[in-house]
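Okay, got some structures for you below.
In what follows, subunit A forms one complex with subunit B and a second complex with subunit C.
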Partner chain A sequence: MFGKIDEMKIVKIASIVLITFVIVVGMVIPMVAVPQTFWQFPLIPGLEEKARNIFYHVPVAWVSVLGFLISLWYGFRYLQTNDFDNDLKSVSAAGLGFMFCVLATVTGSIWAKFNWGSFWNWDPRETSIVILLLIYGAYFALRSALGSDEVRARLSAVYSILAGLTAPFFIFVMPRLVGGLHPGAQGDTSGSTPVAQLHMPLNMRLVFFLSLLGFSLFFFWLWNVCVRAARLEQTIFSNKQ
Partner chain B sequence: MYEFLSHNQLYVVLTVTLLIWAGIVFYLLRLDRKLSILERELKRIER
Partner chain C sequence: MKTIAAIVAVVSKDVRSELRTRYALNALLMFVLIAVATILFALRDDHLSSDVLAGMFWVVIFFTAMSGLSRIFVSEEERGTTFTLQLVATPSVVYWGKLFFNAGLTLLLTGAVAILYIVVFPAFVVQSPSIFIVTLLLGDLGFAASATILAAIIAKAHSKGTLYPVLSFPVLIPLLMTVMQSTAKALDGENISDAFGDFQILIAYLLIMAGGSYLLFDYVWKD
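Presenting the complex of A and B:
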């Protein structure tokens, strides 16, 4: 009766609306020492206005993990099915994850300059993101070094599974085990976890999770476009021979 | 620049969002170029 619902259309509209909302609200709501209403954020000493970075820096890092995990899943699917479409999905997700990983590093570095005094401090999380960038840098080097489609798809599927399995360790486990500057490191008494600042007040948490949702949906949109381009490329270049 | 930003910390947040935006634009430009190449290739095949 209503025809087929276009999920991608919902994803597009929702991501645009959510990210716009988060950018505006995250910047505009005033920060005061003792919030009186729902429309005020608390001013945390030491963080101050920079606390707003949580709404942008953390979701970008999260989307990067999402990309790597999706890459793992479709690498696994490729080995199961031998369907090249899964290889395209896997490599597109890894590429996007890599891009967001770079963005998380750069934005984190800017934040670090104003919070910790230096662009780079070799905090455990900073170290682990460098390792992640190297792992996925090697993934693309591996892909471009292999000529045959069959071999390239099989090897990079195996690699993406191995890399994707190490990613959660570097992001969720390692920074908790070692003392560091990020919230949630060993010895941090604020009660926060490395990913979500659980002690955030309700209104900040709301904006934060809407931001996570918005960026995740935006990721699926970019991924969709990227996969479609990759499919087109494959169709054109396999018909040429 | 550092002086200014450390006194106006909201602009640090603005810098962060602009960097994310720049990254997305960069990615789109690359995708755009890739699609242009594919379009040209498709036209060549059709001829």
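Presenting the complex of A and C:
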């Protein structure tokens, strides 16, 4: 996957096309109380035009989790293989995931101010994203505090696996402990799965999944650029010595 | 049998060295006193709800433990005895030995905090002791399981003292949220069957973290 620039070009162009499409379509299509054609979204009481946030905020949050999972996976691969390239992939994915995590927190918080009345409500999903932010923060703090490259790669991989072990508690356990505002939280009658977007009509669902795909491809393209840059940096650094 | 004897040897070596130097113990107990005194100055006259008291109880335990539990590996690193230990014992023996020592230290610490709270806060009345004791036991074991492997990681880092709570907090949050909730239940005097859900979470946490860190410890311990 890395090094073959042609493949990455397809990913890059596809992500640009998809995200542009989603931005235009998600904003332009009108919301009406009773949709007549395919080109109208239903107006959900209590959400109204603010429902459009789902096309942008949720994919960003998804990518921040994806970044963590990829970082964890390549950390695990590093422990298995001792191949330093896996550590580069791991730390690049973590850096990007951190950026998307900040974006998801900020966009979600602004949206919450207009929909739920305050910037922060300690809803389970909000708590989880803050904990993801803390994990990313701790991961980079740990990396900067470790001296040699080998120890840094090994221990940060162990830490991200340990942090990943607690994920089931946030997905399955915490929504039961804390009442929430997101769909799928305790007391929500429409369903209690972590993925609660499936009650959308077909056209919204289509835009949503295209957005998810677009943002994921965008992440992979950025990740590829970061990994190649990190490899070059490492080559230059080792030539200097 | 040989493994168990080796684990016992590691624990007794740590206990003996702790009793000789009192390095962690004295500092920890003073820390508990200071933290509880600070809370008393702030909240003495208020009528506190059981949620607030349970939260304050675990806040004191969290920060006290964070100031002391990393000693177990940091002291080996500082005294330069890590290599000796690597030579004489296998990684899993070292892990279980350190885990049991830390679990004992956490239990001692939690016991001290519990007695202090019961004495100084009139509102801190444990109405269902069974929930309280099971919560403390399971919570402390889970706490020690996470804290031990993180202490082993932190022993290799530069800024040990500040980094330890930073690393531990995200990993410990599921445990802390659960023990705070079930401690509040113990103070409210709820039936023990109401807390079974919390106990299940604590047991799951303990098994996942102890098993996971047992598997990962080799990578942390070897140089």
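Keep in mind that, in the parts below, the second predicted complex is superposed on the first by the 217 of 241 C-alpha atoms of A that agree within 3 Å, B and C clash if a C-alpha of one lies under 4 Å from a C-alpha of the other, contacts with A are read in each partner's own complex, and residues count from 1 in each chain.
Just so we're on the same page, a residue touches a chain if its C-beta (ideal position, glycine included) is under 8 Å from a C-beta of that chain, and two chains touch if they have at least 3 such contacts.
Remember, it's a predicted structure, so these values are computed and weren't measured experimentally.
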{"item": "Subunit B versus subunit C as contact partner of A:L213, first or second or both or neither", "value": "neither"}
{"item": "First, second, both or neither for A:L165, with subunit B first and subunit C second", "value": "second"}
{"item": "Partner chain(s) touched by A:L79 [first = subunit B, second = subunit C, both, neither]", "value": "second"}
{"item": "First, second, both or neither for A:V173, with subunit B first and subunit C second", "value": "second"}
{"item": "First, second, both or neither for A:I16, with subunit B first and subunit C second", "value": "neither"}
{"item": "Touching partner for A:L134 - first (subunit B), second (subunit C), both, neither", "value": "second"}
{"item": "Which superposed partner A:E48 touches (first subunit B, second subunit C, both, neither)", "value": "first"}
{"item": "Touched partner set for A:L103, first subunit B, second subunit C, both or neither", "value": "first"}
{"item": "Contacts of A:V151 with subunit B and subunit C, given as first, second, both or neither", "value": "second"}
{"item": "Subunit C-contacting residues of subunit A that also contact subunit B", "value": "none"}
{"item": "Partner subunit A, residues of subunit C touching it in the complex", "value": "146, 149-150, 153, 156-159, 163, 166-167, 169-171, 173-174, 177-178, 181, 197, 201, 204-205, 208-209, 212-213, 216, 219-220"}
{"item": "Subunit A - residues contacting subunit C, complex", "value": "79, 131, 134-135, 137-138, 141-142, 145-147, 151, 154-155, 157-159, 161-163, 165-166, 168-170, 173-174, 176-178"}
{"item": "Touching residues (chain side subunit A, partner subunit B) in the complex", "value": "23, 26-27, 48-50, 52-53, 56-57, 60, 96, 99-100, 102-103, 106-107, 110-111, 113-114, 222, 225-226, 229, 232-233, 236-237, 239-240"}
{"item": "Parts of subunit B lying in touch with subunit A, wherever the complex brings them together", "value": "2, 5-6, 9-10, 12-17, 19-20, 23-24, 27, 31, 34-35, 38, 41-42, 45"}
